[in-house]
Every structure is written in C-alpha cells, then in structure tokens.
Amino acid sequence: MEDAEVFFGKDAYARHTGIELLEIGPGTARVRMEIREMHENSHGTVHGGAIYTLADAAFALASNSHGIPAAAINASISYMKSARGGSLYAEAREFALNPKLATYTVEVTNGDGEKIAIFQGMVYRKSPRR
Amino acid sequence: MEDAEVFFGKDAYARHTGIELLEIGPGTARVRMEIREMHENSHGTVHGGAIYTLADAAFALASNSHGIPAAAINASISYMKSARGGSLYAEAREFALNPKLATYTVEVTNGDGEKIAIFQGMVYRKSPRR
Amino acid sequence: MEDAEVFFGKDAYARHTGIELLEIGPGTARVRMEIREMHENSHGTVHGGAIYTLADAAFALASNSHGIPAAAINASISYMKSARGGSLYAEAREFALNPKLATYTVEVTNGDGEKIAIFQGMVYRKSPRR
Amino acid sequence: MEDAEVFFGKDAYARHTGIELLEIGPGTARVRMEIREMHENSHGTVHGGAIYTLADAAFALASNSHGIPAAAINASISYMKSARGGSLYAEAREFALNPKLATYTVEVTNGDGEKIAIFQGMVYRKSPRR
C-alpha cells in the first residue's frame, strides 16, 4: 500500500465531506471535520452519516496502515450527544490484529473534548496485490 | 412533525451526498443514490460512509414518519459486497415501535437487486415540542 | 458438516441454557427457550445474555446449514421489550451468502408474538476440512 | 440500588454460567469465567453466547454502579479469537454517561492476556424507584 497521505488523497467521499487527516501511525489515525452547513441533518445538528463518515475515515486509515489492503465488513456506532458548530475529531485505535480480521475502536469528540460518538469496526484484510 | 418532503428537504448532508427520496410510509422509506465519483473511497468503490449515509437517510425518514421527532442513538451496518457505478437503493422497515425507543432494519441493494449492506438502527423518540 | 441435530447436540452451552431446536432449513433455523428461574437477571426479567444465546443458537444453526463450518465474527442485538415467563422463540434468516462471509438476521419473539429483540450477525466461512 | 454484590447475587443467569465478580467501581467492573465443558459450542470452543454473557455481566455491573437502574437496549460484539480452557476475563469501562443513556466498552481476554472479543453496549437509565 502507498503512503497514508496518498491513500487518503484518493478518498473522494472523505474529501467531499470535508475531512482532514491530522495524524497517522501503525494501527492508529486521527482526523478532523470542521462543521459546516452541509453537515446538518433535518434537526439542525450534525448528521449521523457525517459523524459515521468521520469515524470511518479514521478507521480506514488505521486499518490500512499496515501495508495490507483492509476492507470494512462491519461497524457499529453509538451516538451520545448532538453536535453543533466548531470541529469534530475522530481517533482510531487498533483493538486486535489477526491475519485475516482486525478490529478498531474510534472515539468522536468535539472541540471541548465532549464525547459525541463511539464506533467499533472490523475489517477483512486482503493479501497484497502484486 | 412536518411533511416528509419538507423534513427531507432540510437534510443538508443527505442532499450533499446526492440522496433522493423515492417513497415514504408509516415506519417505512425508500431512497436512492446515483453513484458519482464523489462517492468513492481510496479503493475506488463506493465509500462505506456514503452507503451508511444512504441507509441512515431511509432510517431517519422511517423513524420520523410518526409525527414524533426521533434521534438515532445506535446503528450497526454489515457490508456484503463492494458497489461500483449505477444506483444504490435503501429501504427501511420498522421492526418494533415503543413509546421511547424504536428499531429499524434497512437493506441496501444495487440496481441489479444484489445485496450490498444491511443496517440496523435504534432511535430515541422525543415528546413533541409545543 | 454433519446433520443439524448432531451439530446442535454438540452445542453444550445451548443445552445448558435450555434451548431446543424446532426447525432447520438452508440458511434458516427456529429455536425455543422455555423461561425458567435460571434465565433471570438482577432485575427479575430474562437476562440479555440468555436472549442473545437463544438468538445466537438460531444464527449458528442457520449459518452452518450449508455444509461449510461458519464461525461468528460479529453480532449486534437490540432489545425492545423485557421478557418474563412462558417461552421465547428465535428465528434466523439469511440476508446474504458470500464465499467467505455471510450475514443473518434473527428475530426474538415471545409466546404472544411480541417482539423482544432483533439480532444481526456475520460469520466467516471456512473451507471444509478433509 | 443495592450493593453490587447483592445486585450480582440476584443475577441467576450469570451464576448459571459460572461468572464471578472480581472488582467493581463507579462505571467499571471486572468479572471472570472459568471455562468448563458446559461453555462449549458445536465446534468445541467457548460458545459466543457464553462470551457475550460474560461481557454482558461486566456491562450490567458497570452500568448499574451509579445507583440508577440501567437496562441494556443495545450491544454489539466482535470475536477476535477462539477460546479454549483456562479462564476468560471481561473488563467494562464507561465511555459516556448521560441522564438517560450511557455507553460502555468491554474487553474480553484470556488468561494469557490475549484479546478474545470486544463488546460495546448502551443502557437506558430509569429514574430511581421510590
């Protein structure tokens, strides 16, 4: 797999959603999304899909950080608090890494450090293409 | 709650993601997303966040169809097959409706009827604001 | 894989929990649990772990019904209503079957047909051992 | 709510499954299960329902540790590794606590500290009964 910035640069939907890569390491990643009007849902708070996409971006970066393509097969998210304005941050950490499957936890917080959502995801790891 | 089309019209992120409302009924909804380049992930297939957002749009419409504001508190999604090109469809149906909590299942399929993902979500229902 | 009754007969924890096999077909299964005092939690209703185990038994039977060993890798459950007395039933149906991964939905109801829980699970399918 | 040991003493299904309380604190709990034949599934490894029940016991103790009855409304679990013999441990920690909803993460490990499963659960908190 190519470099994380190149990998993330090819993620059209993350870019369309306004997500920025802050940090990346083996099995970890941190991303940010500055809240804009386009992120709102019908209730005027940040859309659950935008929060999920932010968490998913951190998850994709962390799970693809080992040089083996990893495809999400499952994720669950719990929303703890509505978000409005400012920025949201998502930080992924690896829970367990097996040859074929790996699991990640992602915490989403706002600029005040309040917990917005927690995300748990699993990937299926593919042998490298040659 | 206002009419479904007005409700959906205020969903900025669903619009930003290119989601259209096809059908709505009590506890059910069907939406569509025509795949464009902006929906792609780093692997060149439809981004998990875009698929989730599509499912979430059907879930939000179905859960808010009873005239009581409903906020998503939890969701899980399993991805069965990568998606490329054409359109994706999401159809939500109500599994159970209680005064405070309700649960929905959403199936995501492509234009050939192939199963792309399954989503299960729960909402917390708020007493109507007066 | 051996016959479903033999397979289920080897499931010690399902037996310990008092679960009976009612029906089995390709990708589907139906099981029952007669509620006894041993199934209660600290609040005096049926324990979430017992409800999960019931759903999981249907899931295991359905996912192992194709002659290829299938191991659960992920599941989520939403509880809609407390259960007390009588019997609980779980019915699994296959959502999608791929060579390596398959997904199942399980509904748990009580003897009055009331919805108690909904379960969604994914398995990793192993090549047959020879 | 009564004392944690009394609370746990009333949990018939946890006792039936052979779960012991090791530690309890505000929003946290640690439990153990010594693997016996009754915990096995049809593949001869520890049953997913038994692993879930162990995680759920830690989750119930942690979420009921604040003096307000908490009922599980949703949980998801990912299984990373089969377990055989020895003991399994589950440790719950609180992710976020709101007046009505709270979320917990539970890690399940074996006696060698290997990660067996990760569990994420949400409770609905009831006003104290007077």
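When the chains are written out, they are named A, B, C and D in that same order, and each has its own residue count from 1.
Heads up, the rule we're going with is that contacts are C-beta pairs under 8 Å (C-beta built on N, C-alpha and C of every residue); 3 or more make two chains touch, one makes a residue touch a chain.
What you see is a predicted model; the values in this text were computed from it and never measured.
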Result of counting contacting C-beta pairs for A-B and B-C, higher pair: A-B
Most distant chain from chain D, judged by the mean position of its C-alpha atoms: B
Chain A and chain B, separation of their C-alpha mean positions in angstrom: 19
CA centroid of chain A to CA centroid of chain C, Å: 32
Interchain centroid distance [CA atoms averaged], chain B/chain C, Å: 27
Overlap residues in chain C, where contacts from two or more other chains coincide: 73-74, 76, 78, 101, 122
Touch list for chain A against partner chain B, complex: 7-8, 10-14, 16-17, 37-44, 47-50, 52-53, 56-57, 60, 64, 69, 71-79, 82
Chain C partner contacts - residues on chain A that touch it in the complex: 73-74, 76, 100-101, 122, 124
Chain B partner contacts - residues on chain C that touch it in the complex: 74, 76, 78, 80-81, 95-96, 98, 101, 103, 105, 107, 115, 118, 120, 122
